[in-house]
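Structures follow.
Note that subunit A is present in both complexes that follow, paired respectively with subunit B and with subunit C.
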Partner chain A sequence: MIRVELRKLLLRPRTWLSIGLLCLLPVVVAIFLSVTKIAPRPGQGPTLLAAVLGNGALYPAAALGIVLPFFLPIAVAVQAGEAVAGEASTGMLRYLLVRPVGRTRLLAAKLVSILVYTLLAVVAVAVVGYVTGVTLLGNSGQLTTTTLAGTTLTPADLAWRTGVMVLSIGWSMVGLAAISLFLSTLTDSALAAALGGLAALVSSTVLVTLDATVAVRDYLPTRYWLAWVDLFRDPIPWHDLRAGALIQAGYVVVFLGAAWANFATRDVTS
Partner chain B sequence: MGTVVSSDTRRRWLVVVAGTAVLVTLLGLVPVLRSTVAVGRTTASPDRIVARALASAGVAYRADGESRGGLALPDISGFGDLATLLGGTTRTRIWWDGPRHWRVDTVDATGESDTYGLPSSTTTWDYGSRRLVTVVGDARARLPRADDLVAPAAARRLLSSVGPQDRLSALPPQRLDGRTADGVRVVPGTGGSTIARADVWVDRATGLPLRVVVVGTTGGDALVSALSGVRVGRPDGRVLVPPAPPTARRSLETAPDLVARVAQESPWAMPPRLGGLDASGPLVGGTSTYGTGLVRVAVLPLPGRTARDVMRNATSAGSVLEEVEGGSRVRVGSSLLNALLVRGDDRRHAYVVAGLVEPRVLDAVAADLLASPPPPREAP
Partner chain C sequence: MSEETVDTPAAIATRGLTKRFGRVAAVDGLDLLVRPGDRYGFLGPNGSGKTTTVRMLLGLVYATSGEVEVLGHRIPREAGAALPGVGALVEGPAAYPHLSARANLRLLDAAGPPVSGGPLAEGVGSRRSRTRRIEAALEEVGLADVGRKPVRAYSLGMRQRLGLAAALLRGPRLLVLDEPTNGLDPRGIAEVRDLLVRLNENGTTVFLSSHLLAEVELFCTRVGVLDRGRLVAQDALDALRGPTGRTVVRVDDIAAAARALGVPEPSPGPDGLDGADGGRLVLDGVGVAEATERLVRAGIAVREAVPERRTLEESVLELTS
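And now, the complex of A and B:
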């Protein structure tokens, strides 16, 4: 079942088109930066973008910082929202369930497919970011990459920190994916499920900024989305990265459980 | 058939709801239980708790800090990040090996500014501006920095100014971030202070202040500063070495800010008494302090041109210029910290008068300064 879903994911043009569009914005930004040599002032603009001129090896992080606030969550929410509701809206869900597979297994396969899509998207942005950065923004070849604390990063340091960053950002999307997947089991409209997930995202983003929400802020899904920046501090503070991973796990357990409870016994009419 | 499906549905939802309830309960209740776990009563008197806090500067530790200021100060050009620092939330990471060897990082979502305290200098690395600034020596006066608001530093500064007239009382001990803390409350003993009370919780094991809450007379928390994730012990020495990024702009200075610069050049011999308050610090140059206990006023003489610029910046930020007998003044205030920018009619005498005191106290000091301008300071 999982193999079927993965094959469907990988062979569908829409998958690669959406990932291509995700990669496009960082490429456009890199072209502008390389032509004009005008980077945002440090501390302004997308995270780490100010530090990439002449240091393209840092561009994967900046590229992910560019797509993280909007485009990546939109892509993940659309993918997850479409998982069950999309099949229902095209009338395929009934035929899927005719096969000798349980609904729980189908749901698990859908989740794995979403996880793979998310990881593919993040890795693609990072790889395209690296190639674009080194090609267009240059790489002096010297150990000039610095942390936010001003200390020098060796290429090995930069490589493993970027790897952990990719995993961290990928995992930070999982909570949103679980919410959208749950909504996808409630409705036959993939658009409604995706928009519901995005509504949760926007609500969380707004609430996180308010001092009045201090009692619940640490449990909101987007609270630790920018914790990956901590990977570029020295020493690395792991607390927020750990907390972010745990919070996402909590959302996955709750909303995947809800999706399972609803989908496993739902009347499938379309 | 319908009954079977609906009972199965109910069973599944019951599992999910129960699981969610357990998760939420654990997340919500564990911190509460940790903070309310039985804490043994302290035998230390309030004076003893204060003494332990004041003696804690040598306690080495590593912690995260958060300070939240509720002071709505106008953002006046020349006064750096003062308004942000005292009117917003500041997150810090602290490595403390002693009063002359420490590091405090002020972090935000996309950058950081790191200050390194060294035996004969203070170095600040700012990622935003990519500047590495080393200030040699200790400034006689300067604007507050983020490291001044870290709970132990803020508590020691507050408690060191407590006078015999101020009242100390014990608070029930608490568990803070897994550590037992003894509490002490300070209430100003005389009128004029904008502080209604200040509560300080001190780690029972080490004497390290873990939390400070200052409540203004207008109500509400004016300043809350707390440590979390405290690990007692000497930090790794490599963390305390300032960075040397190859692309940084470097500068070496003797004064970190406007206040420090003008304090070095003060031309006036300040009087021993102003506004009914006796001088409580040195009167030779720099900032002079008047008053005792929590009712203290700092007077910083300003050069005429600087005073004109600062007053213009203050009025641009919304403050009102008032003409008074002997000169003019601009009032800058918040619920806790008040300040007066004062300039005499001779355009040469000008001052910043500030303190955690009611405006009337500052008015009295300013009136004396304008009525009897201090004479020039004699050359040493």
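And now, the complex of A and C:
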């Protein structure tokens, strides 16, 4: 079933279209930057963007910084919201279940498919970001990269830090994916599930910025979403990255559990 | 399985099957029995609970109380053992619109467990026989030459055929079909009926849920009638179409016949029209033999004298009114 889900994911034009669009925005940004050479001042605009003008190798990180706040979560929420509700709305859910595919197995396959999609999207953005960065913004002949702390990184250093960043950003989407997947088992409308997931995302984003929520905000799903920027400091302060990964794990456990409990016991009337 | 068991389990058996939505009982205390080899027609008006029942048989909807057994396995607990032997069409066909018929069948077939027995396994892994089974199923339903067109471009009738092909893909022992001829033209309906007859003669049990009496009357040998969630009849088709105890005679001279039999002459209308067929008299309490004798003695030519039979439609309307 997992293989079937992956084949479905890869055969679907929408998968590639959404990933293509995700990659497009950073390319557009890079074109503007390379033409005008006007970078946002440090502290303004998307994360890390100020640092990339002289150094294209840092652009994968900047590219992910560009898509992270909106585009990537939208894509992930749509994909996860589709998972069960989409099958329900085409009527295929009943045929899969009587095929028979166990409900738990179906849910697990859907989860794997979402994870693969997320990873695919993040890696695609990083790769396209690297290619664009190096070709458009140039490597300026340097072999080393300057961190936010002002120290220098060797290319190998930068490579593993970028790798960890890809994983960390991918993982930060998983909590949102679990919430959307749970909603997807509640409704037969893929759109409703995706919008529900996005509503959770927006609420969390708003609440995180308020001082009044200080008691709970460390547990909100988007609290540590930008912690990966720490990977470009020296030495790396791991605390936020660890905390972020743990919180995502918590959301995954709770909402996957709820999704499973609901899906395994509900009537399928679609 | 090494030996044939002496008493084969029922294809479908339910006991006290009940489904409540809130305080409304959509299905109420159903005792269905579909025997192996049956052509079972499951009739009932819209909203009588047919689809909810079908969904409970397939483990999609969970019963509030009561038991379901399909091919000898408890549903939903042993659905994984029962459902590989079942082909189903529930509330219309479904497919991924951006894929072709073959790609759809391929995905669906790969999604579930492999064929473990039956004529299609033939000692080969089901994956290896997949292409052959898909071609055979498409051939059966008349979709062999659909090509690579995505299902999006299919007509309703073609989708219906694809749904049937999906149900046939794994050589099921039991077919559960909900309104299988929906969207088909008369010729398509006849083709599907022929296909079902052929499958049934080869040993497939067919459970056909429909609100189309004619469809059921032409194909089924056993009928269950559902009304507002209750099974109001379950019997052989011929028993449901049993004689009414009245006699119908057809004569040329209806006025003379009525006088001879001592009944009032029927007014012209659907019951006593005088056309090429002559007139038709419905007699209460007079048998075929007696009516013929009295008419012949009076010198009236009798075209036909038969015991009146209810049509299935009349029986069902009577049962569900």
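Going forward, the second predicted complex is superposed on the first by the 267 of 270 C-alpha atoms of A that agree within 3 Å, B and C clash if a C-alpha of one lies under 4 Å from a C-alpha of the other, contacts with A are read in each partner's own complex, and residues count from 1 in each chain.
We take it that a contact is a pair of C-beta atoms (placed from the backbone, for glycine too) under 8 Å apart; a residue touches a chain by one contact, two chains touch by 3 or more.
These numbers were taken from a predicted model, which means no experiment stands behind them.
Trainee: Name the chain, either subunit B or subunit C, that contacts more residues of subunit A.
Mentor: Touched residues of subunit A are more numerous for B.
Trainee: Pick one for A:S203: touches subunit B only (first), subunit C only (second), both, or neither.
Mentor: Neither partner.
Trainee: So, A:M1: does it touch subunit B (first), subunit C (second), both, or neither?
Mentor: The second partner, subunit C, only.
Trainee: Mind working out whether A:G102 is in touch with subunit B, subunit C, both or neither, as first, second, both or neither?
Mentor: second
Trainee: Give one of first, second, both or neither to describe whether A:A258 is in contact with subunit B, with subunit C, with both, or with none.
Mentor: first
Trainee: Please indicate which partner A:L11 is in contact with in the superposed arrangement: first for subunit B, second for subunit C, both, or neither.
Mentor: So A:L11 only meets subunit C here.
Trainee: So in the superposed three-chain picture, is A:P237 touching just subunit B, just subunit C, both, or none of them (first/second/both/neither)?
Mentor: The first partner, subunit B, only.
Trainee: Where does A:G250 make contact in the superposed view: on subunit B (first), on subunit C (second), on both, or on neither?
Mentor: A:G250: touches subunit B, not subunit C.
Trainee: Counting contacts the way the document defines them, which residues of subunit A are shared by the two interfaces, the one with subunit B and the one with subunit C?
Mentor: Touching subunit B in the first complex and subunit C in the second, residues 265, 267 of subunit A appear in both lists.
Trainee: Show which residues of subunit C lie in contact with subunit A when the two form their complex.
Mentor: Contacts found on subunit C: 55, 58-62, 79-80, 83-84, 86, 88, 90-99, 103, 107-108, 110-113, 166.
Trainee: Where on subunit A does subunit B make contact in their complex?
Mentor: Interface residues on the subunit A side: 41-43, 47-48, 144, 146, 148-152, 211, 219, 226, 229, 233, 235, 237, 239, 250, 253-254, 257-258, 260-262, 264-265, 267.
Trainee: For the complex, which residues does subunit B have touching subunit A?
Mentor: Subunit B residues touching subunit A: 5, 8-9, 12-13, 15-16, 19-20, 23, 27, 64, 68, 89, 93, 105, 107, 109-112, 114, 125, 127-130, 132, 229, 236, 239, 242-248.
Trainee: Using the touch rule from the top, collect the residues of subunit A that touch subunit C in their complex.
Mentor: 1, 3-4, 7-8, 11-13, 90-92, 94-102, 265, 267-269
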